[in-house]
Amino acid sequence: MIKVGIVGGTGYTGVELLRLLAQHSEVEVDVITSRSEAGMRVDELYPNLRGHYPGLAYSEPDARRLGNCDAVFFATPHGVAHALAGELLEQGTRVIDLSADFRLQDADEWANWYGQPHGATELLTQAVYGLPEINRDAIRQARLIAVPGCYPTAVQLGFIPLLEQGLLDTKRLIADCKSGVTGAGRGAKVSFLLAEASESMKAYGASGHRHLPEIRQGLDRAAGSDVGLTFVPHLTPMIRGIHATLYGHLTREPEDLQALFEARYRDEPAVDVMPPGSHPETRSVRGTDICRLAVHRPGDGDTVVVLAVIDNLVKGASGQAIQNLNLMFGFDEMLGLGAAALMP
Amino acid sequence: MIKVGIVGGTGYTGVELLRLLAQHSEVEVDVITSRSEAGMRVDELYPNLRGHYPGLAYSEPDARRLGNCDAVFFATPHGVAHALAGELLEQGTRVIDLSADFRLQDADEWANWYGQPHGATELLTQAVYGLPEINRDAIRQARLIAVPGCYPTAVQLGFIPLLEQGLLDTKRLIADCKSGVTGAGRGAKVSFLLAEASESMKAYGASGHRHLPEIRQGLDRAAGSDVGLTFVPHLTPMIRGIHATLYGHLTREPEDLQALFEARYRDEPAVDVMPPGSHPETRSVRGTDICRLAVHRPGDGDTVVVLAVIDNLVKGASGQAIQNLNLMFGFDEMLGLGAAALMP
Amino acid sequence: MIKVGIVGGTGYTGVELLRLLAQHSEVEVDVITSRSEAGMRVDELYPNLRGHYPGLAYSEPDARRLGNCDAVFFATPHGVAHALAGELLEQGTRVIDLSADFRLQDADEWANWYGQPHGATELLTQAVYGLPEINRDAIRQARLIAVPGCYPTAVQLGFIPLLEQGLLDTKRLIADCKSGVTGAGRGAKVSFLLAEASESMKAYGASGHRHLPEIRQGLDRAAGSDVGLTFVPHLTPMIRGIHATLYGHLTREPEDLQALFEARYRDEPAVDVMPPGSHPETRSVRGTDICRLAVHRPGDGDTVVVLAVIDNLVKGASGQAIQNLNLMFGFDEMLGLGAAALMP
Amino acid sequence: MIKVGIVGGTGYTGVELLRLLAQHSEVEVDVITSRSEAGMRVDELYPNLRGHYPGLAYSEPDARRLGNCDAVFFATPHGVAHALAGELLEQGTRVIDLSADFRLQDADEWANWYGQPHGATELLTQAVYGLPEINRDAIRQARLIAVPGCYPTAVQLGFIPLLEQGLLDTKRLIADCKSGVTGAGRGAKVSFLLAEASESMKAYGASGHRHLPEIRQGLDRAAGSDVGLTFVPHLTPMIRGIHATLYGHLTREPEDLQALFEARYRDEPAVDVMPPGSHPETRSVRGTDICRLAVHRPGDGDTVVVLAVIDNLVKGASGQAIQNLNLMFGFDEMLGLGAAALMP
């Protein structure tokens, strides 16, 4: 049994950690912090947790108390982990950061996209990008994890098998992504009201989105060279789920694409390659840490279409964070993550 | 480890049994039947189950094979359990029927509402109404369980504390109920298309609904006399959930109503009485076997309002069925039912 | 052609006035005010209006400019019309107030529910309650209209035929109401985010809601005596629509209830009594100024159930405001309000 | 005043014709046919039409009676217009076909995709493709109109300005399209139930969809050569709306793309080019005949992204059909189509 802390526990990724950890046999949540809700019980804010964390209440962040934990999750806006991670690491606490703070290796690029200097460049060398499907061994040894973003997880898992084999024209990759509204967090913004966001579909950030450099960094690594990527996210009228539709142009006649995907992910517990001709639905992964994929080649032409779905709050955030924790502490990789998706 | 069978496994309550039993440590699903889909793997129809029941496929119903199970669930339209239950009981298999076949003790009333003769009147004496909150001991001994309907579960749990204490004018009870669309099952009907049922609200069956006699039977028992109940169900644009809003008029000044509800349900693992002033949301029980209740007395007048929410597919069907199974086989009553609700 | 102004044009009732008035042949929108968005074109905020009001932009409220209009709508939070209405009336401008400011005749009760003194008690005698179905002649002569609230419109129209005939036990009226989220306005509140409010149902204000005294005032008038009403509103996962389910107990055997409703509303252009056995859907009035009603008497017992649906933003607000305007200026009562509901 | 008939009036495009024509000052609906619902009043099936078509009922299709109309709309499955159109044209009645029967000029390709022989090849030469933005003059003279499909309308309007100028690599066009569920019609299919289709997103037909040849035919015409198009439609959890996200690669440095789009559509009453940086929402065209467009060039690279939204039942079907009718009979092109979108 290990003790964990959660910094920033009122947002959707924080409470999703609580929901998932309630099923985890080896973890006890010792501290959960929130400046705005300090003193409030977690189940007052989230009645779905009634009965699961009887005494747990939000407290002010306190580095010493967090430092008593074996691991601390950051479910915070960007910048917070920069400020606190170093102090925790010094106390021997492992840090699993769900924010964007350590995802980009290039601190200048980070500063560009987030409009402020990178606050912990000295930690970048030890930060491990927490995508188990490419970094499992490094994660096992890591003390500081940058949990991938939701879009980056879906897009990378979909493109990687093709890029690793050098099959695509890497200068013209397209990722058309659709996300449920929880991707925007729990902030009170007019455009995410039910009255505004339901019964409608729209793109956003078509000219540039903060997840773009993270995705590009991951695809560059898989391709072994700089890729050209057009990434257009869309706001979809649903609570959870990301559907990534990926387009690439073949540069040579491939072997069997289906077999390629199946081989690449055969031993991956969190990736499910569906049978030929499938169209994965986001609801088929609702609440779970699974990424389901299907690969199509329309009209046997030179365009490959990959369909990838995840739950943005689970495989795209809190579930993947726990997958990392499990690897870091030697537990079964999917411990606590085994529930079937809620469907219908 | 016990072996169970599921008759009628393609509908929503059948697949919900599979989803929940995937987390149950003492149950193995041995057989699942479907006339229409015999031969198809369950995870072809329900991809959320991929990885959970690797070899499981639908088969034609076969009484001998079902009779090898320790228990068999019926997740079927009415009439099917009438035909098969007796044969299974003779083989020593316990029967947990999620349909309406054994819910009404009065076979004539059953025939009236279902438009066909009752097909197994000889089994009525041994059928136990599977609402643990009123029948726990009988359930433990039972060999044939009639799992309560979804509306009847919510309405009974809400009214029982008041009726047992004789506090209400029993001739003027009102149950205004709102249900998500899965309450109507998985049949392909125009009025349940997303294009027809979303972004709208309507009542149905305002002049009479099949759940009415079952609710009345339960309230009569709690009140110790015949009650007068007006029950109006409404179709609500959501997938899961029942919200029952119950109105009763006090016949005398009660003690503390909040304390009454808390006392009645203190030891009930599947009932959660919320703090005074609460308004339970259906999403707070999504995917779980919990009924959350709140009691109000507007303006300190003589009308009591009880708000009760359940997930119609879990506490209103498959979860309650498993709760019954657990009691029948001596497992912890909530074994396999402990996950927190998916929220948001 | 008359000139109108709109005070508070960024909220849902303000923009709904614009949407509806774009089809009105006798009205020109001359001024629309907003403190927060002054200077912004209306079609920047509401792209659905592109092409309809080419030059129209929000301006700071200015009593002189508004006073040039023949009529001014207030689509504002409570208190604003109190402050401005008098000045406009003095300039000869008619005032149609969609807020709660002039709905209650009792200024003390208003102060109680709104937590501040009534700011224009001197205008109360000339304020006409703008429910055409009971007040048509007074509206025609009025200079100051209090447009009824959304819940009060639905509940009054449903109960009035029964109360006017003295058929009900007036001490035990129940109004169980379900509203889409636009009833809460366009404010950025967490609980109305799509992620929070969709896929769920909940009651609110079960112990008391601001619309209660307005409804009671209207029902008292219809009944000719003080009524006892329990009113429980529910938040429903849809954008628009109110469904009122009304329960009353008969005190004597009535004539044909269907005929009673049909007779009461035969000449009402905005009320549609549906055939016996109907269950009106909120979507059947989406975007329109119609209230559809159905009356049921379950099991021929002594309880009457009335089902009433309106679009909260139209018959429950902006449409009814225009209906009042039409009456005040001698236009056809439904001018500009004739479109069929958007369905599906 | 002209008289029109509607063949197949129970589906979504049929009833949408009724909804829109109720606002049309020059059209009277004389006949509406349905084999399955003959004898039923239209407002029994669609209560939103109560009061709009008092006596109108469905009748069996009858070529003579239809032949008395000035124009007949076909809102039917494919094949029906093939069988009837010729007879009507001979009687001098103009035919506006909303089905796919006359959209493809190549009868063999039609037969391939629809799995049956083309039933009226002799009429193909006089069939005019009813996209006013490219065919206005021909439409004015036409006697037989093939109303474009919903996806083809959005995709063509988005790509045409770029293709006409020869700016794109025509071999690698990508159209990632998202549609509300009414695109699938009113048939009772499990996968379109609210319980199945809401709270989820999925692609379909990724390997080939019937709208592909129609889109390709249109893009070929605009490009002046055969294009290579990858088209992936997605089912989106909303009732109405299509969002097309179009990707093309520039072959040369263009002039100002925004100016190009604005110039191309300056005089088009049904196309609205939004300001630079816009992201059109489908709800901004709900219920209207408008296509809203925005053009982006992410990172000033060589990929152009066009965002196009329409209401699939209006500009994608019935509204466009009426736009064609207006042109054919010399009415104002947008007569009856001027209402602002319902938003929120």
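Each chain carries a letter (A, B, C and D) given by its place in the written order, and its residues are counted from 1.
What we mean here is this: contacts are C-beta pairs under 8 Å (C-beta built on N, C-alpha and C of every residue); 3 or more make two chains touch, one makes a residue touch a chain.
Note that this is a predicted model, so its numbers are computed, not measured.
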item: Chain located farthest away, centre of subunit A as origin (C-alpha); value: C
item: Chain pair with more C-beta contacts, B-C versus B-D; value: B-C
item: Centre distance in Å when subunit B and subunit C are each reduced to the mean of their C-alpha atoms; value: 39
item: Length of the line joining the C-alpha centres of subunit A and subunit B, rounded to whole Å; value: 36
item: Centre distance in Å when subunit B and subunit D are each reduced to the mean of their C-alpha atoms; value: 45
item: Shared interface positions of subunit C, touching two or more other chains; value: 12, 182, 186, 195-196, 198-199, 237, 239-240, 280-281, 283-284, 286, 344
item: Subunit C-touching residues of subunit D, taken from the complex the two chains share; value: 12, 15, 18-19, 22-23, 46-52, 182, 186, 199, 239-240, 272, 274, 280-281, 283-288, 290, 292, 338-344
item: Subunit D-facing residues of subunit B, complex; value: 12, 180-182, 186-190, 192-199, 237, 239
item: In the complex with subunit B, residue positions of subunit C that touch it; value: 172, 174, 176, 178, 195-196, 198-204, 206-208, 228, 230-232, 234, 236-241, 243, 245, 247, 249, 277, 279-284, 286, 294, 296-299, 301, 303, 305, 307, 309, 344
